[in-house]
Structures are given as structure tokens and as C-alpha cells.
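All chains are identified by letter, namely A, B, C and D, in their written order; residue positions are counted from 1 within each chain.
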Amino acid sequence: MTQTAATHLLELDNISLSFKGVKAVTGISFRVAAGEICALIGPNGAGKSSLLNIISGVYQPQEGRIRFDNRERRRMRAHDVAVRGVARTFQNIALFKGMSVLDNVLTGRNLKRRSTWIEQALRLGRAGREDDSQREVAERVIAFMQLQPWRDALVGTLPYGLQKRVELARALAAEPRLLLLDEPMAGMNADEKQQMSRFIIDINRELGTTVLLIEHDIGVVMNISDHVVVLDYGRKIGDGSPEAVRKNPEVISAYLGTRH
Amino acid sequence: MEFFFEVLIGGLLAGVMYALVAIGFVLIYKASGVFNFAQGAMVLFSALTFVSLLERGVPFWLAFLISLAAMLLIAVAVERVVLRPLVNRSPITLFMATLGLSYVIEGFAQALWGAQVHGLDLGISDEPLELGGMLLSQFDIFAALTAASLVALLSWLFNKTRLGLALRAVADDPLAALAVGIRLQRVWVVVWTVAGFVGLVAGLLWGARLGVQFSLSLVVLKALPVLIIGGFTSISGAIIGGLIIGASEKLAEVYLGPIIGSGIENWFPYGLALLFLLVRPAGLFGERAIERV
Amino acid sequence: MFYREAGQFNTRYAEDRRSFPLRQDRHGLAALLAVAFVVVPWVGNDYWLSAILIPFLVLSLAGLGLNLLTGYAGQLSLGSAAFMAVGAFATYNLEVRVDGLPLLISIALGGLAAALVSALFGLPSLRIKGFYLLVSTLAAQFFVGWALTRFGWFSNNSASGVISAPRLDIFGVNLDAPAGRYLLTLTVVVALFWLGKNLVRSELGRQWMAVRDMDTAAAVIGIPLAKTKLLAFALSGFYLGVAGALWAFAYLGTVEPHGFDLNRSFQILFIIIIGGLGSLLGNFLGAAFIVLFPVLLSNLVSLLPGGLIDAGQVENLQKMFFGALIILFLIKEPEGLARLWQRFRERARLWPLRY
Amino acid sequence: MGTLIETLDTLPHWLHRQALEHGTDVALRHKHLGIWQLRTWRQLADEVQGLAGALQARGFSVGATLTIISRPTPQAIVAALAAQWLGGTASLFDPLDEPAGQIDLLGELQPDFVLAQGHEELLRLGAAQVTPRVLIYLDGRGLSGSGPFDRALDYATLMGSKAFADTVPLAHAQQTAFVFYRRSQQATEAQRIRHTELLQHGRHLVQREGLGRYEEALAARGFASAGQARYLLAPWLIAGFRLNFPENLATRDRDRRELGPTLVAGTRETYERLHGYALERLPPPGDRARRLVDWALAARPGALRRFVGHWLVRRPLRDVLGFSRTHAPLVVGDALRPETQAFFESVGIKVRRWGDSTEWEVPSSSPAPVTNGQDEPHSQRVWKEATT
């Protein structure tokens, strides 16, 4: 276990979750290696989002163990998960609509703050210096995601594609070790998808962030991911390299067959 | 011991009144997801209209019908002026709107009928009745019976009629309801009218008790804890909640009052409701939604 | 079009963070403060000072208190008046029972007491949301009112819980005259708004708005919901408490618990709805409206030919008008008067271009 | 001082002097990470020497050419000056030019020393099958893992290695400072500009426009053109004012307004874009507000109209366009279209033209006018066979 632990950032062991008796996921186990882009695919209602919610601590699994960065957990609140270095985006954008792009990105940094609210309110000591340093990091994220023109715009007023990008920026601002993306390209046109996959690849390559993403567009998935896990009706039916998965007959029948 | 039961029964009967007001809430909340703070104002307005008509020599039933018509008008107006423009806004916004609405209705009621207290006699004598060695007010019993029949009527309305079907459809899933061609607006108007009707009945019973006056609109403040305990979406919950509140506040007044001080009944229900919330956030009968993200 | 922005650029983040990045705004504010502090006390007559300006300032402060909780942190409350009452009575008791405690200190401590009570009634917000929270705040409203009348100790055993202002002395200067009370109020209000501005622009402010806009996401990015909400309640309570103390002593002079009943809470809620949720300026606009509108209305009525509307009806008219106005604002301009001003300002900055 | 003048006949010498005499004054500003980041003349000179050192160490010598494919950035300026510092030539390419032609050009030229902005530009080099001896990039975004560029050097790391060049510039007056290339149907045209020529035009502009140390100039676009070299870079080094770079193309209009440049040395495109920008954003024709605007902007207004118009329309309009501090609005190269010229004049901005347009149009055009008739010709063209 130790030598896999070294290479695997995230390990799910026999995870099960059900709402009011309805099973969302049953006995899912897989591993995400450090530094890879892992795609989680499957038909609607396959339990992908539930799984992401479990990993990010929004839901608590009834069974199973999650091992992140060699620390095992059964139950953990969203906050603790964030502290451990997991950030995510949501299927239907969960931005803070009443705030500017910059402020949204800054909230992504909240765990890096050290000064107390009193220091900030009275503008004492380190608060100011900290504001500077946090702002600079936020600005770097904004530059990385090429959002400068919209820095001061209220996110509520931005077009869908941009909001998706801002949400990714907010997650990125936390300097996560594991980044969970729930359908980052849903409802985007070809160019936007192209651009978004570019961003995801850059995040993975330039910043060395491990990425676990849910995506429906098989083309995109096969292009950008090193590793694909296929779910169907809450069960894992495929796990391996894109090529291997593409050949897996069960996957073809259950997923590709139904969708293409 | 008998004293205890008298207090208890008295409380329960008072609770019936709360329940009546709460039912109005539940109807509107189910149908339009609006937490209608103006329910109290509607009680006041309907009762005030009714008595004022009586005082002007209008026969009982006619006055009743006219008041009902007035409530229908209010329902139509509310749907046009408040609900429609605010459709799919946040519940909090809608709540604050009904807060404004209650001001309008109260102001209007008093501007129209004046602010003085009107006595109301429904012709039910209020001399106590001896039942199993306990003294019970006839009026309270009458009130209880009225409430019971009202509830029966409502449950028939909602379980047996097409309207009821539509209402439940809307309550479950407004979009789907729209899809199958249910006219939301119409349902809303009907529901607000029915709520107005319930309010009228409640108003008359209260009014006959305490006189028809501004304080009627304050029963809304009692209805809130009732709803918390019974759940926002369940009529039977509203009734049971009402009974619990009524009974407990009376008992508390009688037994706790001497210890921590009298007059606790205007905050005790809230304390109780809070306790409930911490134990059972969705109330006794309300269903809790799973948060989707 | 009054702006001349060319050449106003920032080379440090600190400059970019200033509350008023534009020079013209800073000058305008300075001028306004100068007028408020120097000119008004001289020219203002007693009626304007003590019947209009002082309540306006105090209500603005109370509005800010509720706005922090409702407008920024998104927690609806109907208990504002209760926390004002706590502030007022706590200050009163400190003044009465502790000898030689400076007025400002006892006001601050009064605010602190209100903060504690507010945080206490905020505890349920950790488990419940939305309307359910109304129960908690209404409980505060009724319980506090009851306790203050019920137990004579709070009002130093005065009849029916009436308390009256101590001598308003600061550094030996007596402030009982209208001008003095006005200056006291103004100073406190200005100081607390400065603090408030810092608060809502600080990390805490962002966390409040995050919780308001999307609490699940807030939790997922590591914002501690419990702490954030409780701080919102506490700070809101502090502001309301101080406002309550000023209301009692700088404005009314004597006050009883009923002075802080549910209607007061509604009044403050209306201030922020009309003025603008989540805006600092909005509190002033809303308060100004609430204070001036009745005066205006009664004057208008008196202009009408006698007997057309009798005095008794004016109150009802007022009520209906306020109610209608609330609905109107919620429909047409949910962000209140502040948003109108903001839009005008944006247009002015871009004029004659449209965007 | 008098002795200095003799040696002050190249751009690098002027840079050197500014650094010596006004080391702590602001030379460059760049809107980056949300604020305007400063470079003093001292820092600028050091950076130039640093890069020059790095280039020298990699075999860049007198007479060599450094090809710069970049949007206007401080680094691009530094690179140009560094090349000239070593007695070399800077050849500027604008990444916004259409790729195909640029790729052909690069393919023909096969430059030895290249500084490219980033991934995009490197891809163009790849497409042109250019294999430079030294290849430097500014922005490493997206390069990791992509094979062909593993030899490319990161500008930042390059500056990290403190290999300073000689502290005095090797450039001399008759060397070519800049070379620009463009393709016309049948041929590739080159245009070489010597230091003397640049400085002459620069000085001329500085005198005529009375430019001082406190001008603010914005270098937004049209960077890779001789006009900019003559009428922006040279004057900047001579007068020692401040050159400012917007955050990026999308934000340049906001940035211009923030900055409020006092000197605008734009091309025809610059002004016509601005004109369009204003027209598009003004109230729609027929609108009441629009009538007010038109009324105020009418030619030859009376006293009242001038006063009211100034406060209600002209002043604010000038401000939103970022011209309220501008006293030297210049168009370099082609003249403005009459309506554009008229528009700016109606707002109170009298755009003055510099540089003879014929110089840019046809290959056989005469050079720009000069104050004294020495060292003709200023620019000669080198013809190459088109290889298409």
C-alpha cells in the first residue's frame, strides 16, 4: 500500500451512497495518480456528480473509505476537505453572483489568510501587507485564466462561458493539489470547449495540479485525459487508459453505444 | 388535576384558532411557495368588512358573501400586482413583499372601516358547559366544530376536485404543472381566495371572542411557530401544531408563569418552535429536500 | 461628467484598495463631512437637528446594522429592535450603576452586550435557514421586550420600565443641547460607517457575501460557515445596540421597552429594502426617506382643503403608502435607491458614451 | 555635457545617459497584474545590459540582427535596445499581422537570433521552418512538453543569470538601428533606419512639439513600424519621458483613460479605431442625448455653445477617450480620413501629422523630410527575389 500511496493522490475504496434507499453509487473503488488528468464518464444518472460530491465532502458516503494524500477518512466536512487541498467547480455554476470576478477569485484564497477580521477591519499591521500579497496571487490567477478585461465585472452579468472560466479561476486560486471539475464544458460551443481543454491541460502541466473531471464530450475526454473511469447505474464498468476504455466492450455497449 | 385538564382543553381550543390561521398559510405556501405574512391582515380585513356590514344592517349571509367577494378581489389584485411581477424571485423577496402587502391591507382596512373595536355576536351563547366534571365554553366547542368542518371541507376540496389536483401538481412541481397546461395564475387566485375564506372564518371566531380590532392581525405572529412545528406544507401539521402551541402556551402561562414571571405566552411559542427546529428542522410533517449541487 | 479620471491610475495595490479610488469622490466626501460637522450645527435650528437629523443618523446606523446581517450575510432578521433595546438598556445600566464610566465607553459596552445577545439568538442559524430563522429573531424580539418590562432591575425599577438619559458629558463638555447631541451622534455614526466600510471590503465581508450568494460553494472553498454567520449576527448586534443607545439618549431622552417593538424592527427592515440591500449608502438614503416621508405627507395633507382627509386617516395613508412602496421597490428596483444612484453615477462617469 | 553630445548619436547612448543623469525617474510603466508596474531608467538600462550580456555570450556581435516577434511590451523594447547596445539591429514583427505572410517572410529571412512573445509566435517560427541559433521566449505558457522548442530560452531565467555586457554601448551612428520587412505581391521590401536618422527625427519632434521629461506616452499598437521608432522610441529616449504599455489589447481603451497620455503617437488605425469606438458608444442618432452631443460638437460654435458644449460634452468626451491631458496628439504615417480628423477637432483635439505617407506606400518613395540635408538617403530599400 505504501508504494502505491506514494504515487496515488486519491484512492476510493468501495464507496456507496444512497438517498432514501435509492442507490446513487455502489461499491465504487478507483485510484487517481498524482499529476494525472482523470476523467469520470458515464450516462446521466450514473452517479458521477454524487461521487464528486462525496470526494469534496458535500455528501457523506454510507460505506467505503476515501484516502487522500495518504490520509484516510470516513466522514469529512467540505471545509476540512478544502483545507486538505481539494478544490472543485460545480455542474451548474456556483459562483457568488453579487461579487466581482476579482472578489470571487479572492474568496478562493480565504484559507491562505492569516490576519484576523479585527486586524482587517481596523486596517492594522499585517492585514494590509496580506491584502497586497493575496491580491497579487489572485491577479496571477486572473492572468493565467485570461480574465483581465472582466476583473471588476459582477460575475452575474458575464456570459455563461466566462462564468465557467471564473469558477475555474476561483478553484485554482486555492492552489489545490486535486482539482475536481464537474462538467467544465457543459453547454459550450466547439471553440469554448477547445479553449477550456487548453486551460485544463495548462493547469495540469504548468501547475502540476491533479485533475479529476466529469465530461460528456467523449472526444474531449479522450484528448485530454490520461486515465478514464466509466460509471453506469452507480457501478464502475471501466477503468484504464483512454485507448483501453475505448476498446472495453461493456463500456461500448453501456455508454458509447447509447450515446453515439 | 381537573384544573390541569381545563387549562389543557382551553389551550387546545385556543390552538384551534391558531390552526385556522396557519391553514391559510399552508395553502398559500403549498401553491405559490410564498410565506404570506399578510395572512393576519387578511383575517383582520375580512372580519372588519363583515362586522361593518352587519352594523350597517346587512343580513348575516349577505355580509358573509360580500366579505368573501372582497377576499376574492384581494386575491386577484395580489396575483396581478404582487405575485406575477415577482414570479421566480427568491422566497425571502416574496416574504418581504407580503410584509408590505400586510401594511397595505391593514392601512386600507382601517381607512375604510375605522380603527375602533367592533363587538361581534355570532349568536352562540358563551356560558360554560359542564362535561365530565369540567367546565368548557360552548363557544370554544362551536369554534372547534367549525374548524373541524372547515378542515373536512378543505380536504375534500383538495383531494376530490380537479382544482385540488391542480393545486397539488403545482405544489409538487410548478414547471411540470405548467407543462401539462395548468394555469398557475388561476390556481394562485383560487388558493388566495380560499385562504381568504379561511381567514374570514378565523376572523369571525376570534372577533366574536376578543372583538374585531387591529390586534387580530397579530395572530399571524402566533401562526409562525405553529407552522414551524407542523411544517409549512401540511394541513394536518398546521392543526396539530396549532393544538400543541395553544395547549403548551396556556400550560406554561399557568405553571411556569408564577416562577419566571407572567406574560410569557407571547414568546413561549417561539422558544418551543426553536427547540423543535433544533431537533427536527423540517417540522413534524414537512418533507425535507435534499440539497442538489 | 463631473469626473476627470484621465491620469488617475494606481501603481500600488494599496491605492487600488482605497474606499474612494476617485479623487473627485474623496474631495466630495471631505466637503460633505466639513458641512456636516461645521456648518450644520451653526445653521441648523433645534427642530431640524433634534427632530430630523438625529433620528436620520441613528436610523442610518441601525440600517447598517441590519444590512450587515441581511444585505451582506443574507440572514433575514425581524429582531433588530430587540438588539437596539438591549444596547439602550445596557448603556443605561452601565451609566447608572458604574460611577464615572465615560459615556462613549458605556455606549460601546452597550453595543457589546447587544452583540452577545444577537450572537446568542444567531446560534440557530447554524442549523436552519430562511424563514425558519425568522422564528429565532422574532423570539429575540418578544423575549427581550418581555424581559425588559418584566424585570424592574433593567430599568432600575422605574415605573413601566421607562428609562431616561443620563447627562451627556464627554471630556467634561456637556452635550445635552440639540447641537451637542447631533455632534455626538454624527461622530459615532461616521466612525462606525468607516469601520463598516472596512468590514464589508475585508475578507470577512467577502465571506459574508459568499455565504449569502451560495453557501454550499462557500463551504466547499473552505469558508467556515458557523463562524462567518455568528460574526455577522454579533457585528450586526453591535451596530444595532449602539444605534439603540443613541436612539434612547441622543434622540428621545426617555424611552420604554415598547419604543423598541416589532414595528421598529419592520421600520429598519424597510429602510434597507428601500435604501438598498448590501449597500452602505443605501442605509442613509433609506433612513432619509423613512424620516422625511411622513413629514412630507402630513404637510401635503395640510395643504389640501380642510376636512378632505382628516388627521386620523393620514396614518393609514402612510401605512398603505409604505407597504405599496416596499412592493414597488421589490419589483422594480430590488437593490433600492442606492442602485439608482449607482446607475446614475456610472452613466455620469461614461457620459457622453453609453458604455 | 558638450562632449557627451558628440557621443549621443545612437539610441543606446541616450539610454545610457538617461540612466546616468536621471536614474531614478520613471522610464516605463506596464499595466500588469492589475496595477501599473514601474521601471526606472536605471533599472531599464540594467535590464538592457543584462540581456545584451546574455546575447553576447551566445554569439550576438556587431552587425547581427535580433528578430523580435512581440506585441508592445517592455521586454520587446529592452530586447531592441539590447541588440542595438551590441551594435546590432532590431527587426520588429507584429504578431497581429496575418500569419501566412509573416511565416513566408520569416522563412525567407531565416533569422539567427529571435525573441518571440510566446507559444503562438513560436508556432509561426516552426511553420516557417526557422531554426535560430538563439531563441528566446517571454511567456512559457503551453510550452512544456512540446518538443520543437526545448532549445528555447526563457527570458526571465536568462535575466536571472547576471552576465552584464560592456557598460558602454558598442553602437555607432551609421549602424542600422531598426529593420522592417513587408511583402507586397511580387517582392519582399525591407526598410532600414540608421541611428542618426532616428535621432534627427526624434530631436525634430521633441523641439517642434516641445516635449519634456513629464510626458506620458501610450504604446498600444502599430508597434512594429518605422514610424513608431522615429516618432515614439527616439523622442522617448531623447526627452526622457515615460512610455506606458496597456495590460492587453482588450483593456487598452480603459487603460488609456486611466493613464491619460499627454503624448499620443498613433497610426491612422489608432485614431480611426477610436473614432469608431466613440461613434458606436454614443447615444443612437435621433436620441435626445445624441442631439445634445451633436449640438455641442457642431463646428464653429458661438460663445454660449462653446461654454455649455465644453462642460456638457467636449470635456467629458475627451476624458472618456483618455485625451483630456493630451497636448501632443500625433498621427504617424498616413493622414487621417477627413471625418475622423473633423471628429477629433470637434472634441478639441487637433491631430498633427508626422512622416510622409508616400514613404510607406510604393517602393520608390522619397524619405521623410529632414531639417538639414546631410547623410542622405535616410532609408534605402533592399530588393529580393520573391520566393513563392
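Just a few scattered comments:
One rule holds in what follows: a residue touches a chain if its C-beta (ideal position, glycine included) is under 8 Å from a C-beta of that chain, and two chains touch if they have at least 3 such contacts.
Given the structure is predicted, the values throughout are model-derived calculations rather than measurements.
In this assembly, D is the chain whose CA centroid lies farthest from the centroid of subunit C. More C-beta pairs touch across one of A-D and C-D than the other; that pair is C-D. Averaging C-alpha coordinates per chain places the centre of subunit A 43 Å away from that of subunit D.
Chain geometry summary: the mean Cα position of subunit C and that of subunit D are 54 Å apart. Work out the mean CA point of subunit A and of subunit C, and you get 41 Å between them.
For this pair, subunit B with subunit D, the centres built from the Cα atoms lie 76 Å apart. Taken residue by residue, subunit A touches two or more other chains at 58, 90, 94, 135-136, whereas all remaining positions touch fewer. Residues of subunit B found to touch two or more other chains are 291, 293.
Touching two or more other chains at once are residues 12-13, 16, 216-217 of subunit C.
On subunit C, the positions that touch subunit B within their shared complex are 76, 124, 127-128, 130-132, 134-136, 138-139, 142-143, 146, 149-151, 216-217, 262, 266, 269, 273, 312-313, 316-327, 330-331, 334. The touching residues of subunit D, counted against subunit A in their complex, run 33-34, 140-142, 144-145, 247-248, 250-251. Of all residues in subunit A, only 102, 135-136, 139-140, 142-144, 148-149, 151, 198, 202, 205-206 touch subunit D in the complex they form. Across the complex, subunit A is touched by residues 12-14, 16-17, 195, 198-199, 202-204, 206-207, 209-210, 212-214, 216-225, 231, 278 of subunit C. Of all residues in subunit C, those touching subunit D in their complex are 1, 3-13, 15-16, 350-355.
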